[in-house]
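Labels run A, B, C and D following the written order; every chain starts at residue 1.
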Amino acid sequence: MAALSPVMDVAGVEAFLRAEFPQVSDDYTVAAIGPGTATIRMEPDHRHLRPGGTISGPTMFSLADCAVYLAIIAHVGPEALAVTTGASIDFMRKPAAGKALVADVTLLKLGRGLAVGDVAITSEGVSGLVARATLTYSRPRA
Amino acid sequence: MAALSPVMDVAGVEAFLRAEFPQVSDDYTVAAIGPGTATIRMEPDHRHLRPGGTISGPTMFSLADCAVYLAIIAHVGPEALAVTTGASIDFMRKPAAGKALVADVTLLKLGRGLAVGDVAITSEGVSGLVARATLTYSRPRA
Amino acid sequence: MAALSPVMDVAGVEAFLRAEFPQVSDDYTVAAIGPGTATIRMEPDHRHLRPGGTISGPTMFSLADCAVYLAIIAHVGPEALAVTTGASIDFMRKPAAGKALVADVTLLKLGRGLAVGDVAITSEGVSGLVARATLTYSRPRA
Amino acid sequence: MAALSPVMDVAGVEAFLRAEFPQVSDDYTVAAIGPGTATIRMEPDHRHLRPGGTISGPTMFSLADCAVYLAIIAHVGPEALAVTTGASIDFMRKPAAGKALVADVTLLKLGRGLAVGDVAITSEGVSGLVARATLTYSRPRA
């Protein structure tokens, strides 16, 4: 595909995050935006824990979903709302308790109808991915 | 497969939910437990909303994940922790704002190693499924 | 959603299958078409076997993909081509060697842009599903 | 995770492929084996085509499934059979007609119970991925 170029920078995406996702914006930070990519960092707190002390799967899903959404916004601007139409996620190993999660997004497709993003989630201090996900968004027609 | 029989009833699973998932137990109710099935109901509040006023995808994922977990527990007892290893979810239509979501779980497999549950999510007043998901859990070896 | 009504019957879908999928039409039979549903039957032969004598996962994926495609065609007519945009599949237990597979499709969504179908695959003589899949198709804009 | 090291080389995996997958070994070539990775190449022929002239989704699924299987074998040896328990696949763009497909596998997990591999599929002459998939295998207990 043609090389993707972001149209918003870290500060712009961060401002969008704070305005549109107040529920999570205390936990999430926009760490980097690049051509076809975005990195979102999350500091987990007690609300995200699962029996056994690990970070819950839904917490990682939320991070993955938001991270791809922000990656799309970074490349198309704060457009009329894209909606998630499907997702798959695999959980490979336990995140370290109390450590940050880092979601690295690669946009695989940014079409007029559908956008697809792949997410690799790592946990600081853990070797290998803790989760990977792919999310598909449907973009509204102009 | 051999017919599945629950080993816990609604009250037992509800008690387990309150003890193990205090973060969500205000929102979730165990509505029914049957052979190979479970129904979990969720009353959404403002914390679950997404830009545009709809219930967020991660909220539905959380419900699906918890609902399958509870369905497994209902059939094997409150065992050492099963962990989610993978999930897929499709979002078909918008839930009605402010209405309850109902997650109907069917256990597709309850093996010694893996358990697989299928979830159909409906929104009160909306015709057709709002989401469907399949979740796989790995069960610890005795 | 509004109730779905098929616009083609078993004979019509069968004719479409023979014309458009000559590679598989010796193996597949259209067993039933109903409102929002379709049942496709497959007689496996040696080409579908995997080391160990079981029917291969890709063979079941092919059946699931074709079955949802035929279910869509049955409800919209032999339209300009829909393309698969995503799929998830879970394999729960081994099919019986040499026995027919039956794919029961339920259309979960049949929108102007996306169609989503759920498939339950059973193997004659095996209790419980051998596989389940969900497939998403993007429909071309008129 | 600990760094993965293959225990078989390209020639060894190729020999395994020819012995165990005679149905596809005319079409597939083992192009590379590395630490945690494998590259499998496929030359499509007319049997893989879909209405419209493109390579079918099931053909890409088959390639992805076989490629992850071979990547696992390359790292554990030709062991008692691992079985696919689940998969997700996204199709992003059309492969070029008549051109080779290349499947690059990265093993995300190679545990005693489960192995997870991610696959990126490219089509010669097409920019961007044509498909991505993740497959989970359950490994038999010794």
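Just so it is clear, a contact is a pair of C-beta atoms (placed from the backbone, for glycine too) under 8 Å apart; a residue touches a chain by one contact, two chains touch by 3 or more.
Since this is a predicted model, take the numbers as computed values, not measurements.
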* To do: Give the fewest steps needed to get from chain B to chain C, where each step moves from one chain to a chain it touches.
  => 1
* Among the chains, which one keeps its Cα centre farthest from the Cα centre of chain C? -> A
* Asked: Which chain pair is joined by more contacting C-beta pairs, A-B or A-C?
  -> A-B
* Structure fact -> Per the C-alpha centroid definition, the whole-Å distance linking chain A and chain C comes out as 33
* Distance from the CA centroid of chain A to that of chain B, rounded to the nearest Å? -> 23
* **chain D: positions in contact with at least two other chains** => 85-86, 88, 90, 136
* Of all residues in chain B, which touch chain A in the complex? -> 20-21, 23, 47, 51-52, 56-58, 61-62, 65-66, 81, 83-91
* Structure fact -> Residue positions on chain A within touch of chain C in the complex are 85-86, 88, 113-114, 136, 138
* Flag every residue of chain D that touches chain A in the complex, lowest number first. => 1-2, 88, 90, 92-93, 108-109, 116, 118, 127-129, 132, 134, 136
